[in-house]
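Right, one structure below, let's go through it.
Going by the order they are written in, the chains are A, B, C and D; count residues from 1 in each one.
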């Protein structure tokens, strides 16, 4: 006979305030097969777990029900406690009387009643539990990082540092990402390239790190510890092991009208190009849309000038297959399209630029060689106006509902750098709120106001337009309660940032969940911020939510630590709640095979002893290492042979009965 | 008659079909308003005053007749608040409550010329009379 | 005492029994989020955790109505976001058929529902539950589904 | 192609040119415009208050008439287009307004926003196409520098009007280019001229018009075209020092097609 113990947690006053725990205990005691019930302030504490362990030993419990917070929070804790006392961990059930009860009901009577029902359902279920043993699977000791920006590079370097192999897949021709495009970084104003490029070089030089640039993840199969990944290495039309990066081809290429993506399309590049001087790998790539040779067959100049003989017009995309134990998403961000906000005339006025364009306009390697000039007539501007929150905190449908987090700080940085280098330039900043939580951040912003005389105006801009040869900013000063019309030479838009458009595709390949803004969802917003709910998938950088460089780097390190923790294991325990088929009932119809998303079901001819009748039948076999336990097969099985361990038909029916009693 | 500001503000909000509490006080409505300088209370103030229930002053203000109903504020508001709808709801409430009319038929001959389109007169009466 | 007041007395006593099947990855977490955000919904809703909405066998729902449930709601990940890639598509198709069959045998369409609630949609979870419960109150007590052959 | 056509009050009186040339050109382009029978004024102002039902009814009657004929409804006047489009959206998407309006009108078949409301320019773009239109031009307006004046009614709120990008519209510029003229883009083309207050507050209207005219002139426009009779009147009557001539879009079209 089963002997069940019920443990009711107060969770301080979180549960006890709206649920009469004494009554739940009293009700538990009269449930069939319940031989022990007790309440305690904090069941999850060491003392609380001690109560459970003692009761298991003392009362010879065969099953345990804990009425507490969500199983997503502490199921593991209580399973481990049971295991320590010699009970199979899968003989523990949780009744969620906090998130699903005490926290949402105000009336104590109502709350107590519901808690009793939930307890009853859990008792009914645990009576049908059977001990389960988790299987084991091997761990491939290599990690994949998708995205080669600062987030991906840092994660890869940290993983490599622990002695594991790690591959970076980067869709662009060079690693470096957005940070490579920045001029200076806040709040210390050190040069972005000076701190990033050594890391890029380190990634290339580290023998544990392999770079797949100009490559994309094509498909992902498998599961934690055992991912199979196909990587598409796009044709560069340049042999990357031969190219020396001398640049002779770039100088000779006759098709020079390509937009320079690295410089935010502010100037042009040839059809064969190296994205920027410090690119890693320092290897040229041909833009097939622009190359005359590839489009018409005539030209071939680059091949002639290449003394190394690296050009190969016949190169094709290559598919590489690799095995990984863990995958890190570091797909980064892009600024939103500013032409969605054409009241600021971004589409029509060249002197209206985005902040990332301004980074290039101020960078020594940028299109103006670091001299700040108006894009329209290449003259020195006398007045610059910054507009914050362009598309951030916008629920109108044009922008993003969230705060992009980095704009307040980089705008203060831009304002300060401009005032420092060109004291004759007047700088205005229209802001809604200045948000500067971060070490030395508010001090940084105040310096812009107090030392550099940047004019911060509280209010938004309604329209930017060109009139009489200059830009006019029509905005509001909410402190003065005045509309202001301001003549200015350049306008800089702090456009919202959004996840890179590839994030959604990559996430669905990884079955990582994604939120309504296409940011990847973390397993727990506070306690597991660098893990996806899908085992073996980790998050690094802005793909999880807006963040600045210091935060990105710390998250990258955290993701690496989680990956190292996984790769350090030789074996992984698999989820034992998997499907299994009753051979006596299975008629080999193949219905289940068709719905299984993991290919975990196959068929075998087996000798079956059916009540004394021995015959060979075609029956279903579940590969427990592949089955993820969704249960799709259990419902399609017409003969009722298929069931799911841990969530069996009988268990769920018992819960239904207990609730509807 | 007893005048309950809070209740009137609620009525105005319902009538406007918009939720002024969504406002994040960025001022883009007032920044966009072509009639800003004509108004005693500006579009962003309409929004915050209706939220606060401070509507008596709005109802009495000439500002309600200065709105050009050009929807620049509605178009550009990042929060989906529709300030023009609120201003209109205040104006309609003022007309319904006090019965005062900003335009009288007697005024018309003096202010129109023979080219004025019907549309202008219809809209003027629609906007300024009970 | 007027009759309609007496009726109200009886109505007050009746509390619907509502079973909510929630997928472990999205809706169960959404319900947790509703809880941690203190978004109130009626206590009549009792949640059963399933690994995926596609684990819900139509038998479970029939069983609930047989045992006296007044409403059954099934919540899963949004189409395209299923943790197991395709589970919720099966749910959608299965439930469309089941619900029209239930409607045919006398369990009105309003008593059954499928909703997609993600782990981030605590607000949606609470709104959905509030709506569903008020719909059940509107429909009143359900007739128990049972096997007529066994009826006396 | 046959459309229901709603002229509106002003097109029958003060803006006869807008109406007359609109019909003439449509005919020349192979489009039949069937005027709604016994149409009523649309109300000229879209009632923003949610509880104003009666003021929406005349628009509903027009929309219903087009629905009953199974035709899309074409308007020329920006204000009429604005009112009809938004009332139509209400009837499609606002349960309260739809129920009350239908209760009031008691039509044989209740109306739920089935009619498609189109502006004349959209009709040209969809039915003829600006590339095709360019081929039909007999009298290209070479060398003319024309600015489009959109005004506010036709563009905003973009979510409802779904006409063009409300901040950087291009449809009238495409139209001007199709007729062989140079389209002058100036920033104030989508800012309000103050038409509504022209009766009671001419000073304010004058300020607005001055700003628009200055902007148009600054960018080199030598003439403006508009689809709105109220805008046209206001731009003409309240122009200051920077005045440029204003005509209707259909007048320009008729000129290019050799019908004027």
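The criterion applied here is as follows: a contact is a pair of C-beta atoms (placed from the backbone, for glycine too) under 8 Å apart; a residue touches a chain by one contact, two chains touch by 3 or more.
Owing to the predicted nature of the structure, the values given are computational and were not obtained by experimental measurement.
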| item | value |
| --- | --- |
| Most centrally placed chain, judged by C-alpha centres | A |
| A-B or B-D - the one linked by more C-beta pairs in contact | B-D |
| Chain B and chain D: spacing of chain centres that average the CA atoms, whole Å | 24 |
| Length of the line joining the C-alpha centres of chain B and chain C, rounded to whole Å | 46 |
| Length of the line joining the C-alpha centres of chain A and chain D, rounded to whole Å | 48 |
| Per-residue overlap in chain A, given as positions that touch at least 2 other chains | 343, 397, 463 |
| Residues of chain C whose C-beta touches two or more other chains | none |
| Shared interface positions of chain D, touching two or more other chains | 167, 191 |
| Contact pairs between chains, per stated definition | A-B, A-C, A-D, B-D |
| Of all residues in chain A, those that touch chain C in their complex | 70-72, 96, 98-101, 103-107, 110-111, 113-114, 117-118, 121, 508, 511, 513-516, 521, 533-534, 577, 595, 597-598, 628-632, 634-636, 644, 647, 649, 652-653, 655-657, 659-661 |
| For the chain C and chain A complex, residues of the former touching the latter | 17, 19, 25-26, 28-29, 31-32, 34-36, 38-41, 43, 46-52, 54-60, 63-64, 67-69, 77, 80-81, 83-87, 90, 94, 118-120, 126 |
| Touch list for chain B against partner chain D, complex | 14-17, 34-35, 38, 65-66, 68-72, 74-75, 82, 84-85, 88-89, 92, 102-103, 108, 111-113, 115-124, 126-128 |
| Chain B residues within the chain A interface of the complex | 22, 24-33, 36-37, 42, 44-45, 72, 76-80 |
| Residue ranges of chain A touching chain D (in the complex, touch as defined) | 339, 341-343, 345, 347-348, 397, 463, 465-468 |
